[in-house]
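Read through the structures below before going on.
Presented sequentially are two complexes of chain A, the first with chain B as partner and the second with chain C.
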Partner chain A sequence: MKTSIFLAKAYLMICIIVSFLGYLITVDKTKYCNTQVLENSFLDPFSKSCFENIRKQPKKLKDYIFGMEEYEKQYKSDSPTSNCKIYLLGTDRYGRDLLSRLIIGMRYTLLVSLLSVVFACLIGVILGSLSGYFGKLYELVVTFFVNIFWTLPTILLAFVILISFGRNISSLFIAIGLSLWADIARLVRAQVLSFKEQNFVSSAKAMGFSDIRIIFSQILPNIAGPIMVQASGNFALAVLLESGLSFLGMGLQAPVPTLGNILQDQYTQVFNGQILQSLIPAIVLVLLILSFQLIANDYRDRLDVKLYH
Partner chain B sequence: MKILSIENLSISFGQNDKLVEAVKCLNLDLNQGEILGIVGESGSGKSVTAMSITRLLSSSAQYVSGRIQYFNEDKTIELLSIKENELQGIRGRAISIIFQEPMSSLNPLLTCGDQVAEGLLAHKLLPRNEVKDKVLFWFSKVGIQEPNRVYQSFPHQLSGGQLQRVLIALALCCKPKIVIADEPTTALDVGIQKKILDLLLELKKEFNLSIIFISHDLGVIQYLCDRVVVMRHGSKVEESETSEVFINPKQNYTKGLIYSRPSIKYKLRRLPTVTDFEKNPDYKNWKDDINLINSTEQDRKNIELCQAKILIDVNNLKIEFIQSRNWFGKITKKIVAIQQASFKIHEGEVLGLVGESGSGKSSLGKGILGLTQISSGSVIYKGIELTKLSNKEWRPLRKELQIVFQDPYSSLNPRKNIYSAITEPMIVHQIYSNEKERKEKAVDLLETVGLKSEHLQRYPHQFSGGQRQRICIARALALNPRFIVCDESVSALDVSVQAQVLNLLVELKSKFGLSLLFITHDLSVVNFIADRIIVLQNGTIKEEGYPYQIINNPKSEYTKSLINSLI
Partner chain C sequence: MIWFILKKLTHGLGSIILIILVLSFILFYAPIDPVRMSFGQRSDEETINLFKQKYYLDKSLGIQIFHFFEDLSPLQWVKNNDLRLEDYKKQFIFKGEFSSLIIKKPYFRKSFANGRPAWDLLIEAFPSTLVLAISSILIAIILGLCLGFIASIHVNSIWDRLILAFCSISYSIPSYVSSLLVVVFFAYWLGDYTGLPIQGSLYEFNDEGDLRLELKNLILPVVALGIRPVSMIAQMTRVSCLDVLSSDFIRTARSKGITNIRLVQKHLIPNCINPILTTISSWFASLLAGSFFVEFVFNYKGLGLLTITSLNQFDIPLIMACCVMIVILFVIVNLITDFLYSFFDPRIKFYD
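Right after this comes the complex of A and B.
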C-alpha cells in the first residue's frame, strides 16, 4: 500500500472514531459544546485558563451520547489548580473550546455526508439499473431527469430545497443527495447495459429468473466495485457541499457545530493575528476531503488492475 | 539451410513467488523455404514462443534461458540479446507476424491503406510518393478485389476475410524472410479459411518465404505444413514430418489430439480422448465395429425417431432486428435474421443446426426459447404456443427448455460460487423443499458431469474452460429439462476437451432422454452428435436431412461448398 493511501485511511479512521466517541472525549460536555465563557474568548492554543463553568459530570448514558442539556452557571475567578484546564486548540470568540467543537462538528458533517451519499446511491442505483435493464420508457424518463439535474447548478438547487423545507438535517441530506444521484445513476445505467449482454444474464433469463432477481442478485454484485468508487468520490463532494452550505449560512444553524460553521466563525481570525486558529478547521476539512478522494482513486486503480490483468 | 534456430528457450511469467513457466527448454529449427507448424492446445506456450522470436512479449515475461538465432546470409543475429533499436529494423523487415484477430489487430481510426503504407515508410524502403502504388500492388497480390476501395476503407467497413488479407499484405510488404502466422484463420469462417491458406501457400512459393504457422487445428496444419511440432504445457512433445505425424503418431498425446477430433468420414458412438491414449498406449479399438455406427443402424434409429412424438414444432419462424427508427419511432431499417424457418424436433432427437457466422443460427436458438423477439410464425412445444406467452406464463416452462452458450467464460456469473449457480434456479422454481436436498442434488449433478463435490464452493475463475462448460451443463440439467439448446457449446474448447464434452452430452442425452438443438459451424462435430441436420445460410434453411445423406450427397450448392472447404 502506498504511503499516501495509508495516511488517508488512517486520517479517516481517526475522524470516524473521534466523531463516534464525541462527548466521551470532548472537554466540553454540554450539547453542541456550547459553553460560552466570554472571559476565555480568543485564547491561543495550549493556553491555560481557570475560568470554568462546568462542574457537573454527565451521569446518564444519554448525556455521553448527545451531550448534557443543562449546566450550572458557576463562575470562579479564584484559581484552585484542580479546575484549571488547557485549551489544546484555543477558543473561539465566545470562549468555547475549539477542539470540542471540531470533534462534534466532524460528527455532524460526516453524518450529513453519509446520509446524503446513501440517499444518492439508493436513488441512483434503483433508477440507473431500471433504466439500463428495461430501457424504453424507463430510460427516457430517467435520462431526462439526469439531464435536468445536471443542468441545475448544485448550490442553487440546494438553496431552493433548504429554503423551502427548513435548514435541518433531513432537508440538508436530501438537498445534497439530489445533487449527487445523477452521476451514480448514469454509471449504474452504463454498467447494467454492458452486463445485460453477458451470457450469464441470458442464461438467468432462460432459467426463468424474474427481472428484479436478475438485476439485484446477478448484475448488481458485479458492479458493486465501480459503485463503491463513485460513492467514495461522492463522499468527498458531499463533505465539500455540506461545508460550503454551512459556510454560507445555509447549513445547520448555530449553535450546531459543523466543519463549515466553525470555519465561518473562525476565518476572520486571520485578520486578528490568530492565523493558526483560523487555519485549523480549514486543514481538518481539506484533509478529510483529500483522504476521501485518495481512497476513491485507490479503489479505481485496484479495479483497473483487475480489469487489465 | 537453417534460417532460424531456437535453443534451449525457457520463458516465465510473473513474480518470484508466483512464477509460471510458459515455455520449458524448447529447441526448434526453421529451414529456408519451409512451413513449420506448431500445434498445441491453449496454454501450451505456442504463441509465447512465436512472440518471443521478435521479443514482443509483455514486460512481465522473463527470458530465463536459451537463445534465438537468426541467420541472415553470412551473419548470425542473436535476437534475444541485441538492442531494442536494432530489433526495430528486424521486426517487419526480416521477421513479420500475421496476428490472429484481424478485427482487433488493425487500428480502427486509420484507413487500411495508411496502415500498410506506414510499415513501408517506417523501414524507409521507398520514397513517400511511390508508397501508395506499392501498397496497391500488395493488395492485389493478396487477392483483394478492389485495392483502391480497400486502401480508403476503415477496418470496420471490411469483412473478416478481407481484413485478414490486409494483415497478410501488411506482413509481407517489406519482403520479410520469415513470417510468423499466429492462428491466422481461427477467427474466420471455414469457406474463407481455405482461401487464406491457399493464398499463404501461393505467396510462400512466389517469395520463397519461411513460415512458422501456429494453430490448434490439426486439419489446417496437415493441409499446410511441411513439418510439425506438437507442444504441450510449454514443452515439445513430438516433432516430425507432417505425413509421418498424421499417419504414424508416436506420442500418446499426439494420437489423442489427432483421433479425438470428430470426422465427417465416420460416425462414432464415443470419441476417443487424450486420457484414453494415456491410460492405454495401445488403445486401438476406438474405431472398431462396436464403436462405429454404420448406416443400417443409423437408418433404423432414424425410423425410430420419426415415430417418436414431436416435441417442438417450428412453423414459418421469422426473426428481424430493428436497425434504425425515425423521429416518430417508425422503423426505417431492419435486418432479417431468420426468414421463414420451419422444422420439427422429435423427442430424444439431436437436431444439428449448421451455418457460418451471420447465418442467423444463434438467433434461431434464442428465438425458440423466447430470448429474442419473434416477428412472425409459431413455435409449438407440447401443444403450447410459445411465441405468444407472457413472461409470467413462460416461467413454469423455463425449467423444461434450457440453453448452454458458446462462451463458458461469460455464461457464469463471476461473483457467484458454483453452489449458488446450480441451486439458485432450484430455489426460483421451488423444485426441492430444503437446502439439504438441493445440496445433494447439486453434488449429484457435478458428479454426473465429471466434477467433484469439493468444487461447489469455488468461483468460476478457478476453473478451466472445459470445466466451466461442464458446470454450465450441470446448471442446465438442474431443472430436469426436456430440451436443451446448445449454442456453439463446444466451439470455444480445445480439441481434447471438446471430445470429452461431446461424449458427456451424448451420455447425458441417453441418460435423461433429452432432446437437443445443437448449433455449430463445424460439420464434423454435428456429424458426430446429430441425428438430423439443418443447413442454414443467410437466415434460410438450405437443406435438411440425415448426416450421411448431407455429407455424402449434398443437394444445395451451399452445402457442397461447405463440405469442399473442410480440410
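Right after this comes the complex of A and C.
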C-alpha cells in the first residue's frame, strides 16, 4: 500500500472516530459547544483559564450524544481554582473552545456530506438504471434532466434551494445531492446499457424474472464498483460544497458549527496576527478533501474504471 | 452549417427557458414578501397594493410566473393601462384602443435593495468578472499545459512525481482557502515588499471620487482562482499526452525519422487536445459564472459578489437576473467549445 493512501485512510478514520465520539471527548459539553466567555475571546493555543464556579457535567446518555441543553454563565477568576481548563487550540471571538467546535463541526460536515452523497446515489442509481434499462420515454426524460442539471452551475441551484426552503440540514443535503446526482445517473446509464445485452441478463429474462428484479439483483451488483468510485469522488465534492456554502453564510446557521462556519469566523484573525488559529480550520478541511480525493483515485486505479470519456 | 448553428441556438434557448422556469418556480414559491423587502416595514397600504397590482404579486403562483416571463419576452401584447408599461424600454409596433403590441428590451424588474434596474447592476458588475476569468484561465492554461507536458515527457521521474503531488494537493484546496493563503503570504507577510492590497475591486473610487482602473487589485484574485484549474489542466494534459505517446502511430512517425517539433505539432497536439479543451471550457464557464468565493474574500465587485449579496438580501429580481446571466454564459461557452472541437480535431464534424 502506498504511503499517501495509508495516511489518507488514517486521517479519514481519525476524523470519523473523533466526530463519532463528539461530546464524549470535547472539553465544552454544551450543545453546539456554545459556552461563551467573552473575557476569554481570541486566546492563543495552550492558554489556561480558571473559573470561579464549577461546571455542570452531563448526566444522561442523551447529553453525551447531542450535548447538554442548559447553558450556564461562567465567571472567570484570576487566581487558580478547582475548575481550570486548557484551550488546546485557543478560542474564537466569543471565547468558545476552538478544538471542541472543530470536533462537532467535523461531525456536522461529515453528516451533511454523507446524507447528500446517499441522496445523490439514490436518485442517480434509480433514474440512471431506469433510463438505461427501459430506454424510450424514460431515457428521453432522464437525459433531458441530466442536461439541465449539467447546464446549471453546481452552486447556483444550491443557493436557490437554500434561500427558498430555509437553511437547515434537510434542504442543505437535498441541495447538495441535487447538484451531484447527474454524474452518477450518467455513469449508471452507460454501465446498464453495456450490461443489458449480456447473456446472464437474457437468461434471467428467459427465466421470467421481473424487470425490477433483474435490475436490482442482476445488473446493479455488477456495476457497484464504478458507482462506489464515483460516490467516493463525490464525497470530496460534497464536503467542498457544504463548507463553501457555510463559508458564504448559506449553510447551517450559527450557532451550529461546521468546518465552513468556523473557517468564516476565524479567517479574519489572520490580520490580528493569529495565523495558526485562522489556518487550522482550513488545514483540517483541505486534508479531509485531499484524503477523500486520494482514496477515490486509489479505488479508480484498482478497479480500472474510466470515468472521464 | 447555418441550420446546425440555429439548431444549437434553439436548443440553448430552450434549456435557458426551462431553467428560468424551474428557478422562478422555486423563487416565487419562497416565503419572502417582496413588498416588505423593497419598501421596508413602514409603508402605507396604498403603496403596497399598487406595487402588488403592478407585478401581479397578489395573484397565484402560475400567474406570477407567467407575468415574469412576459417581462422577459422581447415581444409582448399588452394592455394600454398596464402599470408596467412605464418601466419598459419599448417601441410600439401596433397601437390599439385598449391594447397594443410592443417590442422591448427584456426587463428584469428593479432591485428590491436599491431600486435600480437589475440588468444595469449586472452590466456594471460583469466586466470585472470577465477580466478576472479571462486572466486566470490564461495563466492556468499556460502553466497547466507546460506542467502536464513536462510530466508526460519525463514520466515516472522525480519531476513527474513532484508535479503530480502538487496537482493532487492543489486540486483539493478550495478557492476560499487558496485565497486566504494567498492573502496571508502576499498581502500580509510580504505586504511591505509587494504593495498589494488585501481587498479591492478592478474599478475603485480614488480620493477625488472618480472611478479608476486598479490593475494591481487583480493579481491576488487571479493567483487564488488559478490554482485549481492549473492542477486540473495539468493532470488532464499529462493523462492524454501519455495516452497518445504510447500509441502506434507515434512509434511509426518516430521510425520515419520525424523531428520532435513536427511530431508535437502534427501528431501529438491534434490527438490530445480534446479532453484538455473540455476541462478548460468547463473551468472557464464556471469562472465566468462568478468566482463566488474569491470575489467574496477579496470584496471584488463582480458577478459573484453581486449574486451573493442579492441572495443574502433576498433580492429576488436581482437573483433571477444573475441566474439568467450565468445560465446564458454557460450555454454560450458550451457552444464555443463545440466549435473549437471541430477546429482542432478534423475527425469531429461540427454538424452531425
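In the analysis below, the second predicted complex is superposed on the first by the 295 of 309 C-alpha atoms of A that agree within 3 Å, B and C clash if a C-alpha of one lies under 4 Å from a C-alpha of the other, contacts with A are read in each partner's own complex, and residues count from 1 in each chain.
What we mean here is this: a contact is a pair of C-beta atoms (placed from the backbone, for glycine too) under 8 Å apart; a residue touches a chain by one contact, two chains touch by 3 or more.
This structure is a prediction, so every number in the text was calculated from the model and none was measured.
Trainee: In the superposed model, does chain B or chain C contact more residues of chain A?
Mentor: Per-residue touch count on chain A favours C.
Trainee: Looking at A:G135 after the superposition, I want to know if it touches chain B, chain C, both of them or none. Which is it: first, second, both, neither?
Mentor: In the superposed model, A:G135 contacts neither chain B nor chain C.
Trainee: Kindly classify A:A236 by the partners it touches after superposition: chain B alone (first), chain C alone (second), both, or neither?
Mentor: Second partner only, chain C.
Trainee: Going by the contact rule set out at the top, does A:I155 touch chain B (first), chain C (second), both, or neither?
Mentor: The answer is second: A:I155 touches chain C but not chain B.
Trainee: With both complexes overlaid on chain A, does A:S202 touch chain B (first), chain C (second), both or neither?
Mentor: A:S202 contacts chain B only, not chain C.
Trainee: Just checking: does A:A282 make contact with chain B only, chain C only, both, or neither of them? Give me first, second, both or neither.
Mentor: Touch status of A:A282: second partner only.
Trainee: What residues of chain B sit close enough to touch chain A in their complex?
Mentor: Touch residues, chain B against chain A: 366, 369, 371, 391, 394-399, 401-403, 405-407, 410-416, 424-425, 428-429, 472, 475-476, 479.
Trainee: Given the complex with chain A, which residues does chain C contribute to the contact?
Mentor: Chain C residues touching chain A: 15, 18-19, 22-23, 26-27, 29-30, 32, 168-169, 171-174, 176-177, 180-181, 183-184, 188, 198, 275, 285-286, 289-290, 292-293, 296-297, 307-308, 311-312, 314, 319, 323, 326-327, 330-331, 334.
Trainee: Which residues of chain A touch chain C once you look at their complex with the stated criterion?
Mentor: Chain A residues touching chain C: 147-148, 151-153, 155-156, 159-161, 163-165, 236, 240, 243-244, 247-250, 263, 267, 270-271, 275, 278-279, 282, 285-286, 289-290, 292-294, 297, 308-309.
Trainee: What part of chain A is in contact with chain B in the complex they form?
Mentor: 198-200, 202-211, 213, 217-218, 221-222
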